[in-house]
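One structure coming up, written as structure tokens, with questions to follow.
A, B, C and D label the chains in the order they appear, each numbered from 1.
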Amino acid sequence: MITTQEDYRESLRGMKKRIFMFGEEIENYVEHAMIRPSLNAVAMTYELANNPAQVELMTVESNLTGKRVNRFTHLHQSTQDLVNKVKMQRLLGQCTACCFQRCVGMDSFNALDVVTYQMDQELGSDYNPRFRKYLAHVQTENLVVDGAMTDPKGNRKLSPSQQADPDLHVRIVRENKDGIFIRGAKVHQTGAINSHEILVMPGRSLKEADRDYAVACAVPADAAGIIYVYGRQASDTRKLEGGRIDVGNYQFGGHEAVILFQDVFVPREWVFMCRETQYAGDLVELFAAHHRASYGGCKVGVGDVLIGAAQAVARVQGTEQAAHIKDKLVEMVHLNESLYACGLAASYEGRRSPAGTFMIDGLLANVTKLNVTRFPYEIARLAQDIAGGLLVTMPSEKDFNDAEIGPLLQKYLVGTDEFPTERRQRLLRLIENLTLGTGGVGYLVESMHGAGSPMAQRIMLARLADMDAKEACALKIAGLVDEG
Amino acid sequence: MITTQEDYRESLRGMKKRIFMFGEEIENYVEHAMIRPSLNAVAMTYELANNPAQVELMTVESNLTGKRVNRFTHLHQSTQDLVNKVKMQRLLGQCTACCFQRCVGMDSFNALDVVTYQMDQELGSDYNPRFRKYLAHVQTENLVVDGAMTDPKGNRKLSPSQQADPDLHVRIVRENKDGIFIRGAKVHQTGAINSHEILVMPGRSLKEADRDYAVACAVPADAAGIIYVYGRQASDTRKLEGGRIDVGNYQFGGHEAVILFQDVFVPREWVFMCRETQYAGDLVELFAAHHRASYGGCKVGVGDVLIGAAQAVARVQGTEQAAHIKDKLVEMVHLNESLYACGLAASYEGRRSPAGTFMIDGLLANVTKLNVTRFPYEIARLAQDIAGGLLVTMPSEKDFNDAEIGPLLQKYLVGTDEFPTERRQRLLRLIENLTLGTGGVGYLVESMHGAGSPMAQRIMLARLADMDAKEACALKIAGLVDEG
Amino acid sequence: MITTQEDYRESLRGMKKRIFMFGEEIENYVEHAMIRPSLNAVAMTYELANNPAQVELMTVESNLTGKRVNRFTHLHQSTQDLVNKVKMQRLLGQCTACCFQRCVGMDSFNALDVVTYQMDQELGSDYNPRFRKYLAHVQTENLVVDGAMTDPKGNRKLSPSQQADPDLHVRIVRENKDGIFIRGAKVHQTGAINSHEILVMPGRSLKEADRDYAVACAVPADAAGIIYVYGRQASDTRKLEGGRIDVGNYQFGGHEAVILFQDVFVPREWVFMCRETQYAGDLVELFAAHHRASYGGCKVGVGDVLIGAAQAVARVQGTEQAAHIKDKLVEMVHLNESLYACGLAASYEGRRSPAGTFMIDGLLANVTKLNVTRFPYEIARLAQDIAGGLLVTMPSEKDFNDAEIGPLLQKYLVGTDEFPTERRQRLLRLIENLTLGTGGVGYLVESMHGAGSPMAQRIMLARLADMDAKEACALKIAGLVDEG
Amino acid sequence: MITTQEDYRESLRGMKKRIFMFGEEIENYVEHAMIRPSLNAVAMTYELANNPAQVELMTVESNLTGKRVNRFTHLHQSTQDLVNKVKMQRLLGQCTACCFQRCVGMDSFNALDVVTYQMDQELGSDYNPRFRKYLAHVQTENLVVDGAMTDPKGNRKLSPSQQADPDLHVRIVRENKDGIFIRGAKVHQTGAINSHEILVMPGRSLKEADRDYAVACAVPADAAGIIYVYGRQASDTRKLEGGRIDVGNYQFGGHEAVILFQDVFVPREWVFMCRETQYAGDLVELFAAHHRASYGGCKVGVGDVLIGAAQAVARVQGTEQAAHIKDKLVEMVHLNESLYACGLAASYEGRRSPAGTFMIDGLLANVTKLNVTRFPYEIARLAQDIAGGLLVTMPSEKDFNDAEIGPLLQKYLVGTDEFPTERRQRLLRLIENLTLGTGGVGYLVESMHGAGSPMAQRIMLARLADMDAKEACALKIAGLVDEG
């Protein structure tokens, strides 16, 4: 069982994964300078669980094993569990200022449990006990599981089976009595390389013609036939420069990868959906609802860091008492807390599924996410306003360290004389990281597209809002019911 | 005890109040065409409590009497009580499309209970039992109580005692062994004329020099020396025209009044604060927090009506399937539910006070209200967009009823031929009411200024947000704590 | 020739129009309390032309007669003419704080001149000289002409000839050698009752099946068969109350009417389009472009008044030095000037048509209007923020005049003691008028729908923006042209 | 005289500048991979001037020499010149998708000409002829001149002479009969390294105590004592990777540098202000006005590229016909053209200064810039929305070129099969560049802070808006002038 972050690193060292980056296959990925920050962020999910002050938030008694497990592996058994999830996510956002990558797995577990239970009820299958057995293992070992949902999709107007290339969505290509073989790719795979397991799920609702695409299953992250290709991020190679300042967030970061499945074998006991197309849509929707609410936690935590950095840099620059600066900070707080309020409300309004596992409120979860596609952008804009132009014109830390020009830069780029110039450097680099660098990938573009692009949320809002009830209220007030 | 809405009307008939409107003293205010809609809205707080489907939301077991009481008179004993309050408010908004006026009293009770308890603890006074005795009476009789907080204020740069005229904030002008005499005025008094009781409270934090202004007490709404002056609203006199269409919302409406206190006597047993200036600020803040969260319920209910009306009128006009119309409706829903999410979150995150009564989460309550100063305006703008120009160019209902031109207007102002022209008339008049008429007073300007103007919320956000913690997060991530 | 505003009033007294309001036929409309303010606003277009300081802006040498004419009757002969039009409109907005109603005619002239010229070139007709003869008469007599474009439209999914009722768009119902007979209605007719002439035009692009709907012609506003039905506005009957304060803007206002054409005869010499369906779309588009840019003038002028009122009331209330108040005023100015900048740019970038008359830049005109559907709403919201809650809770002026309560209201509703309470009353009533009353009809809803609803502007933007050129730029920068 | 871009490169090769980057002194900066793209962008200002289609926009007859000169060296002699400047800037933005760096110099010339003329009029000095002689030389040689205004500023609450370190603003440290010696630094120096000349100006208004800081003068960019330190940008080192795709914009880019002045000698004939503190504020304000309007050209051109890229990538991904995608593109166009309209209006409304050189309209120039601090952010957000998540998760071009995984990435990351995967790669990298990479530095943060941060614009709006006139309008309408 993985308990400490060192256990976690060690557990990964034992996994041989094929990983490509910049056209080369990576050997020691656990120590790789590009990957390490993202691994550190996952490691925080272990480390905080050992922190007595956070143990209540980070761990919970499992309904499967009766033991205390890391909340990232838990099936939520109450609305309080849903709320604690959001609070845990905010905490981790505050501690890492990036995506800590373990939420997709958690949100997948909770969706898959509910849907497999429903399948078993309706089809007489035994997917749910099979899945719960798997999850008990995950809980006991405290594993990191990558929920792999998004297919490349090719031409978005065509269904999986209509595509020119049938592999553009992951599918079952062969089958034998022991198991199935899957082929395809999953894109935008957050933290994939830092995972022990890959939990494959369909990426959209499916029709009968798409039968082979209705597949949910788990494979070890180092299974034969899996290749990872590391995704680039803005300013990513600053991590390779050796310094600690220009990178903005030296310790932490996120990553996404493309996962290629080259006819990967999955033993039958790890298959949780196999051609039951009618459940694919529900699974996606349930997962998405959980994950959309999650953003009301994690992005709020990152927002806290950005707000804090903006205030700190204002202090260094001597502007923190200006009315317009204070007003901008208040606006940032307001937007950030609005996101949090939505995440909390979606959680508190959750309800028990027949499986016993709790589901988030779908309408409010989509409201949360739709706000997440907007407010972080405005928070980032305000942070850049407060930061000032030096945010994007400051020389490199190597220049600050140069014998000739270093002292000159120290002299000229000082703010108020209370603070050393380096404090200004570090804070501006952090703001740059979060609004125009690797951190901006997670804080902005992932806020836009993670768990579905904004149009997906709008479609759900149109579906979930009870428009008839609203119209009925209006007709009654307008005198068109009794008096019409 | 008042049970039915007819009881309520009858109870008011027994009260002789001095009320002025348009320069004349009003006699039978209970039947007055201007006031009746607002009285109907209050009556709904009784009527719905008798509706078996709503009884759980509308009533609750009192911690004071052990009996089931109307929730508007209740001291919240759990976060679920706080949540149910918001849900009840949304329901009433949906049923009345206006301000139903009974929230200020409820929010005042909950603030006053907490503060008087604290006073007793710290001062050895007996204000809390006194107040609870009063409230038990309110619960038992099921009374409507106007929470009277806002003073005229005069020159806002000056404190009450510094004003040229000392009466610009309500104060104790005399005192004898039986009680006190108060003078001054309270403005923006929502539903004052429909109330049985006036609960006077200070309107701002106070200093020692303002001692006589630190007064909280209850008086019957028809006490000697009280005069009400009815406040005008946009399009108010449509209520006097006799029709049922142009008024937009024939049944319901809100009202505000100026209350003049001409040396009104208050017996000592109904005095709950008497010159303890140090508690005035807390009382205002606690009340404001409750009331700010309330707007995450009531305005959302009114928003539901407006959204429903917009969809209904689009249907009449044959535009309901246009992509841009559907998108605008989704946006309206999104904004409306964002407000609701904030109101819910502030409630769920509430916590028990030493008095046992539950307090709302202050930060989230202020976030709720600040959003309320924005989103209803955008919802209204979108409703006007969907409604089309006829919203403000349609002839009067009397024209539609005219023998010569009525049929011509019916002919020409029809939408799709599925619906009679009158349906369009009524829906447009409802949208006009809510966005540019009497309903707009409550839905827009009251959303802006009720429970304090937006700047008041910003000041509270600045105070309640833990900016130091955010800065600490940022400094840590920036390497300025360990590595600085 | 009409020179003074008294001439103008006199000229209208000579016209017998059938006008309905509140179900009754109006006799002396020139002196009617409901209509008078709107007539006063039109009268300002004469009055300012006699003001030596404004004569350059208000009058211009006619290319038709060589004489100096009121600019509202002019065919623009240069981009400077287009610019001066916008500046004149801002001036009139500042002087009336409402719609002064004479722009639709002016914008119609300029569209019709260009299109009739094109028709003559292509068809060999003589519409343009006919129209110019008519316009020379309008210029010489200095007439007010209502441009009548918007049909009721019925079911918006159907073309005019497809409607269940063929009269839902104005059409030629009969014809003889002397002229044509038209039937139908025009809605949202700004200032119709204050006009000397009605200039009828088609309201949309037409297909061959809609031939009888392709009609442009002029009729005297009191022609037999024309009936006007006055449109209601928020708070409209305050004009009938006799006071000068609660009405907000005592002197000025706008109005819209429905015009019913009951088989109205039009002599052939006043017919400028007769079944040439292929030109209907161009005419509408050209008119709309001019009128959309006009809003970058008139609404900006009204905005100036609202901004001024907000600052003035802040001064009365003693808040004018608060940082957040100053910031809101700056924001209002910024938004208002952004609208003006768009109106100016659309004008300066205009170009000469083959007819010699200048056309506005279509893309920028639509940009102007689309901003006008947004910024006035935000300006209004900010004005309400600055105004405070008394905006919607203040008693009537009759109450202020009452012997008993008047002095009490004066006492309690004073702001800083520098100013009498009446100043506060008047300013708040003006802000109420502009944001929630009759003025709000023009400043807000007309800004939304006048000259076409926002979706119409978006469609034009999609059509007029050179998207291919933008894509070509992008492909080149992306290395997809030379290097692809 | 520099005519072609090759002349330009050659001219720079002849200049020995001390340049630091990443802690090392750069030798051949003209060929340096980091600097080359920015140099290419400047080169476009020469290249387009040789393009017959653009010669009217790019060149103009000089009022100084009577010869046709590059517009970037011109003193605007008409509002048409001001307009053409904005149009030229939009063109260059479209052709480079970055900052082309030559505007600051141009805007400085026009400010300095007006202010030196005024100085001469008032002081009897001969600064203007001296400056014009200098400028004639610049025109004749067709030089690139860096306008150097922004000082490091240190503690913003203190004036230059109050700072702990007197060097935090550039100042005269010594003087002899031949000239002056200046010390200090200028930050955010756009294109400094690509310049032939540095035109130093004061960076703020000054008081008598700051006499030595009131200095304007020109020095060759390779004068003794000048050191440049290159500023970092997001993703800057992608330029060093050798590929052509991941860099997003292979050909073009901007740069900023810190310039250190180590007691640099300036001969007297190149000194244009020397301790006349009273003119410093005017100079800054005039420059800022010109430069703020400039953003209504250049950023609009970059916006065109981003809009084009968004449409092109939608086409590749098969979403270009979705209603919401089309609507987002329209919104982007609308915002972009709103900026352009402001830039044009500020130019058209310019006016002649006593020097003959034309000044921009200050109010509208500030309105332009304030919109520039907002709209590009929203355009960028919409571009990211349209782009989809692959924008930030796509593997490197080296991975696409790898023998094993390259073909797999080609296979899986294809969009519609009409286009090769590389087209998608290139377009997404361009959007990444502009919204989260080196291009985002110029398109976003420079839009925020260039020519002054938004608060500076707000302060100018408060100063330039005629608030008294607006208040007077309001008082008149409210009946407070005649009737008060």
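Note that a residue touches a chain if its C-beta (ideal position, glycine included) is under 8 Å from a C-beta of that chain, and two chains touch if they have at least 3 such contacts.
This is a predicted model, so every value here is computed, not measured.
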If we look at chain A and chain C, which chains touch each of them? B, D
Proportion of interface numbers common to chain B and chain C (over half same, under half different): same
Sort out for me whether C-D or B-D is joined by the greater number of C-beta contact pairs. C-D
Expressed in whole Å, how far the mean CA point of chain B lies from that of chain C is 38
Averaged-CA centre spacing for the pair chain D and chain B, given as whole angstrom: 52
Centre to centre, by mean C-alpha position, how many angstrom separate chain C and chain D? 40
Spell out, as numbers or ranges, the residues of chain C touching 2 or more other chains. 324, 327, 458
Could you tell me which shape the graph of touching chains takes: line, ring, star, complete or other? complete
Per the touch rule, the chain B residues reaching chain C in their complex are 20-24, 150, 152, 154-157, 164-165, 167-168, 184-185, 187-188, 227, 229-238, 241, 246, 256-258, 260, 317-319, 322, 324, 373-374, 377, 381, 384-385, 388-396, 398-399, 401-402, 404-405, 408-409, 411-417, 432, 436-437, 440-441, 444-446, 448-450, 453-455, 458
Residues of chain A defined as touching chain C within the complex: 323-324, 327
For chain C, which residues count as touching chain D in their complex? 83, 94-97, 244-245, 248-252, 304-309, 311-312, 326-327, 329-330, 333-334, 337-338, 340-342, 344-346, 348-349, 363-364, 367-368, 370-371, 423, 426-427, 429-430, 458, 461-462, 465, 467, 469-480, 483-484
